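This is the structure, below, for whatever I ask next.
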Amino acid sequence: MAPYIRIAGVTKKFGDFVAVNDVTLDIQRGEIFCLLGGSGCGKTTLLRMLAGFEMPTAGRIEIDGADMAGVPPYERPVNMMFQSYALFPHMTVEQNVAFGLRQEGLARPEIAQRVKAMLDIVKLGDYARRKPHQLSGGQRQRVALARALVKKPKLLLLDEPLGALDKKLREQTQFELVNIQEQLGVTFVIVTHDQEEAMTLATRIGVMNQGRIVQVGTPREIYEYPGTRFVADFIGNVNLFEGRLLQDEPGHVLIEAPELEAPIFVGHGISSAPGATVWAAIRPEKIHLTREPPPGANNRASGVIKDIAYMGEVSIYLVRLDSGRIVRVSQPNSFRHADDQLVWDQRVWISWHESSAVVLTS
Amino acid sequence: MRRLFSRLPLGRNLVLAVPWLWLMLFFLVPFLIVLKISFATTQLAQPPYTPLLEWTEGVFPRLVLHTANYLGLLADSLYAAALFSSLKVAAVSTLLCLLLGYPMAYGMARMDRAWRNALLLLVVLPFWTSFLLRVYAWMGLLRNNGLINNLLQWLHLIDEPLVMLQTNFAMYLGIVYSYLPFMILPLYANLEKHDATLLEAAADLGCRPFRAFLSITLPLSMRGIVAGCMLVFIPAVGEFVIPRLLGGTDSLMIGRVLWDEFFSNRNWPLASAVAVCLLLILVLPILLFQRLQDDTEKHS
Amino acid sequence: MSRRVSPGIRLVMWTGFLFLYVPILSMIVFSFNESKLVTVWGGFSTKWYGELLRDRQMLAGAWLSLQIAFVTACGATVLGTLAAFALVRHGRFRGRTLFSGMVSAPLVMPEVITGLSLLLLFVALAPLPFMPATRGFATIVIAHMTLTLAYVTVIVQSRLATFDISLEEAAMDLGARPLTVFRTITLPLIAPALASGWLLAFTLSLDDLVIASFTAGPSTNTLPMMIFSKVRLGVTPEINALATIMVSVVAVFVVVAGVLLARQERMRLRDSQAAARG
């Protein structure tokens, strides 16, 4: 199947500064694709190039088979929801939503009917006559969404769509957004710096760093199989151990990490030369914490609990290994009354399964 | 919009070109003409000055620069005195405006919101009413049988009316009065933005109110002070109407000298030379003012 | 959130306001004075207003000044707005420093210099075919536009500096072409700034004596020029009446505008508080 959106070798420079560096990316019809990265990583510039506010310095952007070079924003089959929402303050909700349809020169009754239908979808039918400043943050966000969607765009661009909402509202809106997307079948490209937002919304995530796409994959792939130390560290928490490759067989890998007393055993091969420097990434929730030494010779270390943070559903333990290295471990609080609670300065063992560590070569 | 204009190169260039050409033609070129004419001499003709380029014999025009006007300005101590006294009057008036305007702006900025807006309106209101008429109002107040003299005599504070109109006192009063809003507005705009918690933090750290004012409010309002002073000082140096209506016949202000040379003596070249000198003196403060304008624009 | 204002500062502040308003108030009071002696109260009368209205010369001058001010304000608003857009939206362009200098210098330039230089320009340009042959209406308007466009630029510039560009981008994104964006989004939102720029240009032009005196021809007499020649000879009650009329018109206008703005702001504040709650 031909990709719906093709971004091929796109670079954008502002003077000497390279904002987007040779990005190549395909996005399929009906996807919710998240561009995730820190501030200044080029994700917003990439979005603005899709919208037509910036022109690529090099490379090519195609939407539904059509080359977008030289096509101004007002002629693209693309609409955008701005981070600030950019609602026109001198127009009512209704007029804001109707603005795009009026530019198409549609007949009044059709405009009125489509505006009403769209306001019903975002549950703002009762607020049609209000001005933006008379709305709450969540309502404004929905007006911005309605205004962009009413034009039935092939592609909707969302710049930090939930960034201005408080935490409770954000969770609720996330699900609404996905529902509306499924209802209308529009392709979404979302820019966000919030990994949680990206995880819940996206069908696929593109992680960006310093103008480049460093990894593309489903939320699960990105979390469980990060390709680089940057991705592993950027998405969620991780313990990284630097080490030397001792064995690399098709069935397993053995790594000697100076900070751990036992070698790391990983249950798959990575086809790299023995002796190379590699990193093992282990998520805190995949580490077991015990008072007794775990069985087996690998994937273990002992240390002392230096800090405990009770978070409700989980507790975070910071364990100082005998090598001095601090390891982050999280354990679910499965029982309300635990008789044998772990306490500060207690001696413990950490261990993990052979499938839990990910070996990174860069 | 930069991007919007980039799609409309014609529109984008027109936006810049129209005001640019207008200002070149009606602001910059005129100064060059003033400069040119300041090197000419008067003649009884229309226009009343000699051309700089003379076609004497031969094909090539001869450039004739008469420096007589400038030499005249130097030779006659009247002009130097007028220039000096204009600078003095403007400087003193600026200081007086600052001394009166700062507490006013400070007080306004610390009132609550409703009061603040009302008082701001009161400062702006004279700004919108005729300057000439407001100067004229002082003539009525300061005359020998004017309101102030009548009041003082009624209170038996004086027996003879004080001569106030057409004195330096009246001139200073008029300048301070007319330019006070120009001092208050930039000061108020600055002081109003100050974060009140800064002073609370200072107090919390053991700083007394007056010291807090000196070490926090005053330095932070420096930009407003300079802007206000420039807005008063620069135009006040060349002021003509106030010295003419309120000042004495002997009040030497350069604006008045220029006016008289031009209208009464019809000596256009000399008037131009006076303008060039005045401009040279004001170039530095004007540049300072513009730096400030540019900065505020970037900061906002 | 009234903060503490010391009594000393309060005193200076109110004295300052008294200082600003006593002359204006005295003019208004004495405009209703029966006596020809401007400073002795001779009973209430409106006869000076009648005299003013019968003064054909004065009325002609006022009419001329109003026309000049109107044309000036319209022209200066267009030019000043263009200049403001150039300064805010063009980023760095060649000659920007000179341009912004030329825009803001008239704000402080002594009027005698501006007036003299413009007159000399008009004299130099007079032989050219497209220039007005005699000085008068056109030359005063040109001079006033040059002076007042600086004020319009400053006002519009500060509005544009806080203008959220994404509003224009959103309109474009929704299919509006650049001119439509300007007409439906930009213009309505900067309209208040344009209005106050226009009004300021109008008042400044109406009030100007020095520049008009330089650039007017021998037969052109604007209102300030007539007031000046009358006032030079001494105080006349007729001028008091004129001043009162002008001050009242402006005061009513400014106060009404101020009250409307304050009410609008209050409503906006209340609305957004209500929206935040519900």
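A, B and C label the chains in the order they appear, each numbered from 1.
Please note the rule applied: contacts are C-beta pairs under 8 Å (C-beta built on N, C-alpha and C of every residue); 3 or more make two chains touch, one makes a residue touch a chain.
Not measured: the values here are computed from a predicted model.
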Most centrally placed chain - per-chain CA mean versus overall CA mean: C
Pair with more cross-chain C-beta pairs in contact, given B-C and A-C: B-C
Most distant chain from subunit A by Cα centroid: B
Approximate Å spacing (C-alpha centroids) for the pair subunit A, subunit B: 59
Averaged-CA centre spacing for the pair subunit C and subunit B, given as whole angstrom: 17
Centre distance in Å when subunit A and subunit C are each reduced to the mean of their C-alpha atoms: 55
Multi-chain contact sites of subunit A, meaning residues that touch two or more partners: 53, 72
Shared-contact residues (touching 2 or more other chains) in subunit B: 3, 7
Where subunit C touches two or more other chains at once, by residue number: 169, 172
Contact footprint of subunit C on subunit A as seen in their complex: 51-53, 72-75, 78-80, 82-84, 86, 88-90, 99-100, 103-104, 131, 133-137, 139, 147-148, 151
Subunit C - residues contacting subunit B, complex: 1-5, 8-10, 12-13, 16-17, 19-24, 26-27, 30, 37-40, 79-80, 82-83, 85-91, 93, 95, 97, 99-113, 116-118, 120-121, 123-124, 142-143, 145-146, 149, 154, 157-158, 161-162, 165, 168-169, 172, 178, 181, 186, 199-200, 203, 206-207, 209-210, 213-214, 224, 227-228, 231-232, 235, 239-240, 242-243, 246-247, 250-251, 254-255, 258, 262
Interface residues, subunit C side, partner subunit A - complex: 164, 166-167, 169-177, 180, 184-185, 188-189, 268, 271-272, 274-276, 278
List of subunit B residues in touch with subunit C within their complex: 1-5, 7-8, 11-12, 14-16, 18-20, 22-31, 33-34, 37, 47, 100-101, 103-104, 106-108, 110-115, 117-119, 121-126, 128-134, 136-141, 143, 145-147, 150, 177, 180-181, 196, 230-231, 234-235, 237-241, 244-245, 255, 258-259, 262-263, 268, 271-272, 275, 278-279, 282, 285-287, 289-290, 293-294, 297, 300
